[in-house]
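Look for chain A in each of the two complexes below; its partner is chain B in the first and chain C in the second.
So, the complex of A and B:
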């Protein structure tokens, strides 16, 4: 009897759950569709109002407090903000200030609202770019929600609010990897202003940890600040860990200072193949003809990836093509194949075929190599 | 005495079924939180900032192709315009007997080359390597037939970049799928070794020039059933597993791996019926045994559309193959099942796989036989029987409806027609399809040569999916 009673209760609960879920599904779909339609309609309407306001200062179309607090208005504002400059942008900023849009968003950010609304406020603040909100965004760099912190860093970078750089870099040591990576994206937005705080962080911390300083160095590379090259050379001289060495070499490759060549070339003899492979790539990015003998020697490296990267690098260096043709005769088939691949990628294969079809009688070693059996 | 035993077996199967639904419900709740957060982030399109970044690691897209003449060129064209700063496409022609290779040579102006090919992973002999001259960075490896895993290994051997995106030739990529997936790697480059994506059935949707124009639920019952299954799998379970860092399966249709890790574990297992499951578990075991801190994650925003079987015959073959793959994996990784040394992977997901995937068809089959028999013999009252059936069907329905609610945030199947088709399928699948799937899995358990063959998936080709069946090419 008891079993039957339990089964009956279970059946009833499941039946009820199913009906509730079904109603919820249909209800949600209906509400969602209707809300989206309504949102789009209002957004179009607000786009018109905002366009008229930014074009004509004397525009009399009303912007009511209810409109200013509407999410569709915020979307329209962000859309319009993207395409404006000059006096029109100034007009838009005046509208934002006059109607307290930013202040409302800052209040929302500080509220105990769930993630969705707070994140939306953070994104809107980042997009609107109102300087008066910078202190609030700096404050929320330590928000409890990682995504809100990320958006605040992005907003500060869009504002080029350089006073925030130290606060963002300081969080490199605290944050989990995904947030740190997004902070790095924001720091790139500050340009060379972020170089020195990042370098200082990398130099101080590279002995204690790998991931943070390595990311800092890669970020410096993305900023492409030539002035940073010398400091990165110094980090390399301190014999950092594998990860930091690779990140340093990667940064030097992207920065592509000719002064880095003499620092990177000896790394082609490093004990660690990853460092040798990365150094070969970096020398290709720097593209100094003086690297050709080093890269040619690297074509005979014991590691396949070093040989392959060296061949690609030679194809990037102006005088490297000849060395690649020489390598086609190499006894090591991988070195010869890597050279052939790099030559083909550099357009030499197409050129050779054209020469042959144009009736050239000269030897085409690349064609001969490609047609030979592996 | 016999009647009592039958009644208790009946109750035990119901208890098992309720436990399974509770497990799935738990996963669904965790997935709900993950997807909710993901919805906010996706809405503001945060990943695309990476498109202009030198920070984006280059990716090799590896595509095994066996008799894919019907759709390979369109599939490659759709892949070649995916939004990502730097990638190459490597197609492995796995000894096709149709015109797959010729179609590729013609479409992409391929020419035979001799370039570095490092056999880090075992594969059948390579016949030739081709490179494209059409503006698409494509390399074609022509090799003797060896199966999907073998072809993937050959493609990985030829990959130039540190990450390999293993996929299929019958898929359409969402343009931003690579950005979303690789964002997870860029976010945690040191630890992330694998990323799985959200696979969705393509049948019934409108495709033009290799692009998905509009997604809709197919009218046919067989593909429609799979739409519901894919929604349940990819939205109700995987986000939760990923959140627990215990994802046991990176789908074969969308799996991005760190190349060096795949080489370390010996690549895809040749001849394995579930090579994607096997690789994921081997990577877990290898890295956990080595004491590495790592992550294999699932990214629901990275969407890929794939052609699913249109007929019961092909679906049956596919399901038998999948279950055979699962059986082999359960046996290969039995040391990880409920082993606390493997953390949440061993205790929650792989343990769950054993209990609710591997054992499910056996217990469900016993239930379908014993419960009606017990009722016929009078060991169970009609009231108890009806309660049990409602409980079983109702819990399954609740599970499907919850998954559909999670799908709401993606908005692919939002029209009233699509919603009603999926709800109808959620109701219908308990009366036939579910029992049929159980039978196929029992068939896989019984073994025999018929269950060991891959068979041919009859492909219409990406470009032909929108056309009536009569015009379809077959692979």
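So, the complex of A and C:
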């Protein structure tokens, strides 16, 4: 009897706790919604004020310190900054300077607040793009929080603050992989100004480690600076590790300098199939007709991926399509397979069927090959 | 007073243009999606229409096409964040008179509007 009573009381307490938690959750959600509505209302009001300030030089609408410190004002400011350029942007920058908006954010960044508030300050600084905050952002490239470091690098790239490139590359060298990748995105934002610091880092360090120099080389590729090709050739001549070789070839493919062709072609004979496969793709991207014999030979490679990449590359190079048609007759059935697939991917199969149904001849080898495959 | 329709889903753009164009002496009305922009432009007797490309309900390009089908001849100026030559070319092909990319310079926009009115 007593046991039943205790069980009933226990059930009742659990029920009461559930109800209380549910009510608390509903209450918190209501408060959050109400705060968001209030935030949106204030943001809209500030958009109006900022619109008048950027449109009328003589606008007398007051911007109070309380407004300038409001997160809704900051959101409105960032929104307006995103869509304007030219003279009105200068007006907006004057508002930011006059009302100490950036200075407040820099103070918040340096404060002992938890990550959330400091990160919001870093994001806002990156978005606002106020040149006076560059020294603070450089300082916080060494912040204790990785996300803050990333935002500072992004902000400096948005400002095109080239004096910060060496500091960003220095951090890039020591960051963990996920943070380093986001630093790489920022470095791309600097364009060719970041090429030489990245190349210097890759050249000095590629014997000691793989991941950092490889990402540096890929980042240089994304910048697409033709002037970097020669230095990447030199790195390749030094016989780097597999990962650095692959990254170098990948970068050369994206940069697509015709001078890289003679450096990449011999790599189709490298002992490592990954290098041969990547080199085939790079030659396709560079797209020089002189590569056609090399790529045709690579169709007979022992490795499937090399054959496949060589065939895809031929489809991108002028006169490569003719070489693929020739390869359909190759004594090596694997070469013929790779060629037929690349031709089909390039739309040649559809075109061939259309030509044959229109009564022309010459496409039979491709159609016969694809039918035998089916 | 020339009458201009600003159709953009961004509240910021609508607010900025309403203020700046109002100051420049234009009467401004706004729409925040494609279907509203179409119905307002069709019936509103506007002298110029400023259209965003990516709007809910109907793309800017489709709004231009429908307006031309409806016989609305008001000049259309595309103001968009879409940064590709194809969209620009297609806008002009479908009857837009100008194409400005965001972020934009307000003085340049005002000059281009003035040249069309």
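Please note the rule applied: the second predicted complex is superposed on the first by the 339 of 374 C-alpha atoms of A that agree within 3 Å, B and C clash if a C-alpha of one lies under 4 Å from a C-alpha of the other, contacts with A are read in each partner's own complex, and residues count from 1 in each chain.
Keep this in mind: a residue touches a chain if its C-beta (ideal position, glycine included) is under 8 Å from a C-beta of that chain, and two chains touch if they have at least 3 such contacts.
The model shown is predicted, which means the values in this text are computed figures rather than measured ones.
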| item | value |
| --- | --- |
| Contacts of A:88 with chain B and chain C, given as first, second, both or neither | second |
| Contacts of A:79 with chain B and chain C, given as first, second, both or neither | second |
| Which of chain B and chain C A:204 touches, first, second, both or neither | neither |
| Chain A: partner with more touched residues, chain B or chain C | B |
| Which of chain B and chain C A:44 touches, first, second, both or neither | second |
| Which superposed partner A:356 touches (first chain B, second chain C, both, neither) | neither |
| Touched partner set for A:344, first chain B, second chain C, both or neither | first |
| Residue ranges of chain A touching chain C (in the complex, touch as defined) | 44, 47-48, 51-52, 54-56, 76, 79-80, 82-89 |
| Residues of chain A defined as touching chain B within the complex | 3-4, 7-8, 10-11, 14-15, 17-18, 21-22, 24-26, 28-29, 32-33, 115-116, 119-120, 123, 147, 177-178, 181-182, 184-185, 188, 210-211, 218, 221-222, 243, 254, 304, 307-308, 334, 337-338, 340-341, 344, 349-350, 369-374 |
| Chain B to chain A touching residues, read off their complex | 11, 14, 18, 36-37, 40-41, 44, 49-50, 53-55, 111-118, 126, 131, 133, 160, 186-191, 381, 383-384, 386-388, 390-391, 394-395, 397-398, 401-402, 404-405, 408, 411, 414, 416, 419, 423 |
| Residues of chain C touching chain A in the complex | 10-13, 15-16, 18-20, 23, 102-108 |
